[in-house]
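One chain, chain A, links the two complexes that follow: it is found with chain B in the first and with chain C in the second.
Right after this comes the complex of A and B.
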């Protein structure tokens, strides 16, 4: 009686349909459900979250109630089982809940979007299923559903830490599942089994990850543009200084060869050539003329005829992994080409992604740093880049006219403007004093303190006023090199704006007035003054100045960042594109006869090593082949429920086989005799060879026979 | 040689009815040059078996009935002064025979017991500082009543160890008992038993048995069995290397009787219980309860095909 009681307290009563759950397991089930749902907390509607919590609390209360009840009643085992099976909610209520909930989700589908409503439906079912556990299979379904819910969160967040967290949660779920199957096992053996199963499944997971076709998601990941910090397609002065306070990662780059110097790292994001006196934006956008910017494929062959570029100088190759920006522009050094079909190029040389970058995306770029951009300028383009709103900044306009009179030569004029910046007591700062109505005049002549966009804007304005085609380019400057993994991290604080002027025969030339004001910003990055300012302004607890100067903090940070980078690069960045490339590479390898030979040689070596290893394992105890055959035969027979008891001698076991399976007896007796002869009698070499041959033959005969009987063929 | 052995067995079986296995074990023990201890209730045929064995082997034979007042000199002999030679001459005791039947050995005082047992081990005796060799071959067949019986001095472990085997005959089967009761013969008729073997043949057989080959696998098996008895959680007394040697010797004799010139694990298993049980559990003997024997437990835990794995 007492024994019975222990087993059913510890285990699950599987024979009856009513199900008893031990307290610990039940609590673990509820806790894991809570965690599984919490992984999606950002995506789920507050109403649903309240519902899920209420469901969990209701379950817990219901459990406590039945437990107390059964305690009071001093119920027998049977009664306890029945008490547990009483449902917390009647099934008609569950049905009504299920239907009404689905209707509500369907109704909200428009505003939620397809993906979110599907996830809500999944989670809703997950919460409801909790009320419907009457059989073991319901438990299994619940746990597996939990695993599905937890992994769904990886659609939205893919950082390595979160992924590890979800993985741990999945393991916890599996552990629970294991507990349902075999509650009697010890913790250590359960963990061991779990580890073993995970290791077994790892190769399959890797193979599936590498080989399984990566489909583009059929759902639209919800646009959370507003929450995101980043460049905007409409820049007025002060915007970028604001952006520079953010320490968020924008993108990462790894160069195939040497990393260019800091001053060369002007990452073009977009070109703003339409100035309304206050803010800059892309031409044509104001009028909704999207067709104005013609799009091209961004491959090298397109460069010459369409984008009007003469490619000279060396090419540098690099991979860019861009964080989700929920925009479509990409970042590259001029002049950029890429073979990827999902990337296009505007005629202002900016790359863009055909779609919204809602997930971490990687692309391969080849840049020609010395290329001449647009040696000839179309009339239309010239007109756009000379367009000027004259009302807002009369003083600049006048200055430009004076300069034009002084310098006929464009280059000299540009040089003079830069010299003015350099020597005119201009001040480079993250906290520009406010100017009225974003007036460039006020900045240029009065406050004389600004961030890159102030200088770039006024410079461009001056150029246009002086009759030189010019435009504003926004993007990022520089980046932080991680020496461990040799890649460049570009943060939002690296955001930058500079100017481009078009000069005859030389095409579009990059001019960065910031360099004239604060050369260090261009050469190396933020100067110490700027860093100090940054530290004061950014509310981040780990301010750059304080902690940043401690070497260990930098070490740890760069280590963690490197880890995150590798994760992003190899796991997240492994997209359909990479997969296709991998296949193409493999196909190329296999079509070459020589490498095919190498491949076969490799496989053959692996197989041989495997066989050798197997043999060595067998031989660890027994060098003798006949003994090995005998032991193999024993193992084989054990599979067919003909196991030798420990104390049985070879002859005794042979007799047992003879009694139970007379049809196998002849072969087995022969093997036994060989074994006995070699173990106990001692054989000459010649006899040994004969015995070995016979034993081998009989072993295979035995296998064959056993195989036939397994297939149901008797002979 | 095998026919000789078969004849011996057949002849003993006509006297000791229904116990072929025990007879075979006893013979194997003698062929392996070991002494036998037969332990059983009174009237089970211990003495009959011992008598018949001695007579069949055609060796010089004397029986000593051990009692509590038996003195060591009664067993070994005594030196007496002789007038003619003006010297002490040994008057040999019963032990100076090739086969000595020590009946009810546990009824004698420990002093007398040890006198006999020292002779068994050494193969010679010393009287008044003069060493006298015992005849060759020399077997002791001792019988004893179960420990619990009144008036017994249990043999200590060290002396039990001198016996290669301890045997029990056990109650006969119905058929055997019917046969025993119907027969008119009594002890005295055993005199009619003729010797089936001469001394030379016996020596030859013993030589042959010594030459029977024992493979490394068998040695491993014996070692594994011994080691198991020495493990921490074993209830048994540890088996000494001498026990292992006795086990091997008995297994060889058994293999010879099975008409093989090499030992297989089955031989070891056949003799394991009689050779080792009295060493593993000296103070108890489950006469009619083989399954509970410590030796059976040890045997069941060692895999003969892969002993040291």
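Right after this comes the complex of A and C.
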């Protein structure tokens, strides 16, 4: 006990008390620093990582040195609790390190990017801080820096597992402080307390998260830089087949009501209407010019006048959660409208995000599947969508001319082209044989094997050559339904290209030549052939065929994916709009079912108050345990017609029991004595514990005896 | 230089206000937490405030919130809410670390001026508590009090020796005991200051006779003789080991019987006693010339020394006198008279 008391000359409150780190704390410090930095490992430059590791190793070695030294120096009591001083490097060296390190980071800033260099600076400061822990406030700073470093990693990754890991790590950082203030506690009890406190802080945090208004960004922040993922805005034949080998998640969708059939799920990402004979891209992009008149707001109210759409049919509502693609394309079914201000719509009906999607983003869409897109086509648009480079594919051009002579009717002509695809021994494959110079001619007439973009490109080319306005649309087709949480996952392998032709009165019509070649692809997704091919081509260890066929793997994967989806939907994707909706719903509950709403509110408040008062109570309920036992005993005796009258004192009643049931007297007298002691004497904790134990024992003895009497075993 | 003048101007302007505020606060504290020998602390008398680290922690949380908002990153926002929430939970946790403590202080303390005395405070706790510091609230702000910090307060009764440095002679009431903790995470300072209604008796600082001055010596022949006899008797006495007592928190480590500790016999301290006797008489008026304080100090030394050596003595002060006696009670009576003089 005596070791627990320390006398210090200075006041408690001063932060400047010289600090010595106990062994346990020191190791926790190193370990936590390692983990905090590791969360950012993908973002950090290898040079920095080496530096950070070296700093940790240096600390470790310094510790070993001082420990050996102290072992030799003194073998007294103090040596056991030898505190470690972290002063390993002299201050001037640290200063030089700090300056040179900052200069290096500043110099590398151009290549690193703003965000990355700021993170490097933060981590660098964190690593250096380890060398200067001489006061308590240094420990505070170290903890705060550690929390900041761990939190920064959430800018880059927000999956549920990583997030939970980081949350746990953030709380683990507080272990340092807890250990500093109560060094004698055992690790298990410290961790338990920390876990308890963090769990206690959950409810209020969740309430804040749900209720506190979602604010718009206050100022521009440096963007996360990364390679673009997914669809490219420039498509050559063969491109999408490459993308189709990727099993990465592109986006997820949950429909408010019923999920439309697979063949309806054409997720429009972008429209490519400019073909230079080799590749498709968006008109206007080639010249580097921006057609601002091609962008509109995406809300339903201004959809009609600006975007030239006639809205008919039912609307379907759904939420899309896109994974970071580092591009701005969004994905939606035609014709899509959204209320979100940060989403715009081009005049080709594609939605786009005003900015770069550098983190998981969610948006709410209302689509009109039967809407007529562009009932009337402007001259300019018609010209764009008929534009043709004629040199590259003379044979296709000639075929188009022949078709046009055969069919006056556009629909018949289209039908004929699709029939040709269907019956012309065309083959749908992820491994199209190479064609020279991306020649459509060669594909169409010679190799006859290709992926969706081959068919869509050549179809569009044919249409244009035949004088029908047509364009290429890229996006995704279908998606995999997760039955557990009822949502669609769309992967990169679902990438697809199809064509759109403009017909008078019917507007832009979607025509998917792939459907003519491989109807299964459109109806259900990849056919078995294609899956086999996919498995052979994608070199991932857990190929779809190998493990995918095992049902348990499927189950586990869908479970994990469902969990991640819920996290993404409710936490990552919780937008200001959803918050408003929630508020509206709550308000509706309050106004429509007033009594119910108020009742709920009242109950909740009562429960909270009750909990609070319970907590605030001065631990009095300890005293009451004996009284509870006494009352229980009275109730028990009352059952055996030994009731205590209100006027009787406890002792009088004990005497009465003694007279009527002498065999119970000993036990009951003991309980009565404990009760009297609790009520009328101040008991120390130890005495109290003894009384409680005795009372409990006697209560059970009494009960046992009465039970036996009742069974007639004993009188 | 400029700073200095600014400071003086500042203090000149605000000193009166500060004084008034301090008086009001003092009066309020006295009303709210009246003196008593037995006290328990709860929400009525515990103060809790964020420390500087607590404030910067909140600021840092705001920073995280801004980071999350600017990146529209809900996970970071959630984390910032969690930290705010954690802050509030820690507030309660820190509060409960002190709340429910019960104190008993039934002993007055006494000692010589300029020495350290220990105020025995019995603390009972129903659970383990951590990092609680005990110190006296001193009127002079310049003086930093000695703090005894209990890194861990066990369940049950603990006797804590709160150090108190005596600076002024006399008998007066002990100041409030400050019980403070930053346990938890250093985010909050939880404290209370309790007045246990106990007295402190500060005996004059013992000063040995150091008069080489011959005139002084001649002027007080009688005293010298008694003093001399006292001296000679004192020289004969050797510190004799008397007994071992169990260690009390706050006792000097130099008196700990380390051999016993090493043998695992627990923490014991050595106590010494002198065995000798002689008839001594100390008289205030027959002391050599000096200020009253000086004379009291000499007397104090004499009494302390003879008591240490287990010698009987009588004492005459201008206003009262104590007949020849021996023992602890007698010594205490005489010293108290000196303190009150």
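We take it that the second predicted complex is superposed on the first by the 499 of 715 C-alpha atoms of A that agree within 3 Å, B and C clash if a C-alpha of one lies under 4 Å from a C-alpha of the other, contacts with A are read in each partner's own complex, and residues count from 1 in each chain.
Quick note on the criterion: a residue touches a chain if its C-beta (ideal position, glycine included) is under 8 Å from a C-beta of that chain, and two chains touch if they have at least 3 such contacts.
This is a predicted model, so every value here is computed, not measured.
Once chain A of one complex is fitted onto chain A of the other, the partner contacts of A:197 are limited to chain C, with no touch recorded for chain B. Annotation for chain A, partner touching more residues between chain B and chain C: C.
When the shared chain is aligned, chain C comes close enough to touch A:205, but chain B does not.
When the two structures are aligned on the shared chain, A:154 is found in touch with chain C, with no touch to chain B. Of the two partner chains placed around the shared chain by superposition, neither chain B nor chain C is touched by A:451.
Residue contacts after overlaying the shared chain place A:275 against neither chain B nor chain C. Within the superposed three-chain model, A:685 lies in touch with chain C and out of touch with chain B [touch as defined at top].
By the document's definition of touching, neither partner reaches A:349: not chain B, not chain C. Remark: chain C residues 40, 42-43, 51-53, 56-57, 60, 63-64, 66-67, 69-79, 81-86, 88-90, 92-93, 99-100, 124, 126, 130-131, 133, 135, 144-158, 160, 163, 180-186, 189, 247, 249-250, 267 touch chain A in the complex. Residues 1-2, 4-13, 15, 136-137, 140, 144, 147-148, 151-152, 154-155, 158, 163, 166-167, 170-171, 174, 177-178, 180-185, 197-198, 200-206, 208-209, 212, 215-221, 359, 361, 571-574, 615-616, 618-619, 622, 684-686 of chain A touch chain C in their complex. Partner chain A is touched in their complex by these residues of chain B: 213, 215, 217-218, 262-266, 269, 299-306, 309.
Taken in their complex, chain A has these residues touching chain B: 621, 630-631, 634, 644-652, 675-676, 679-682.
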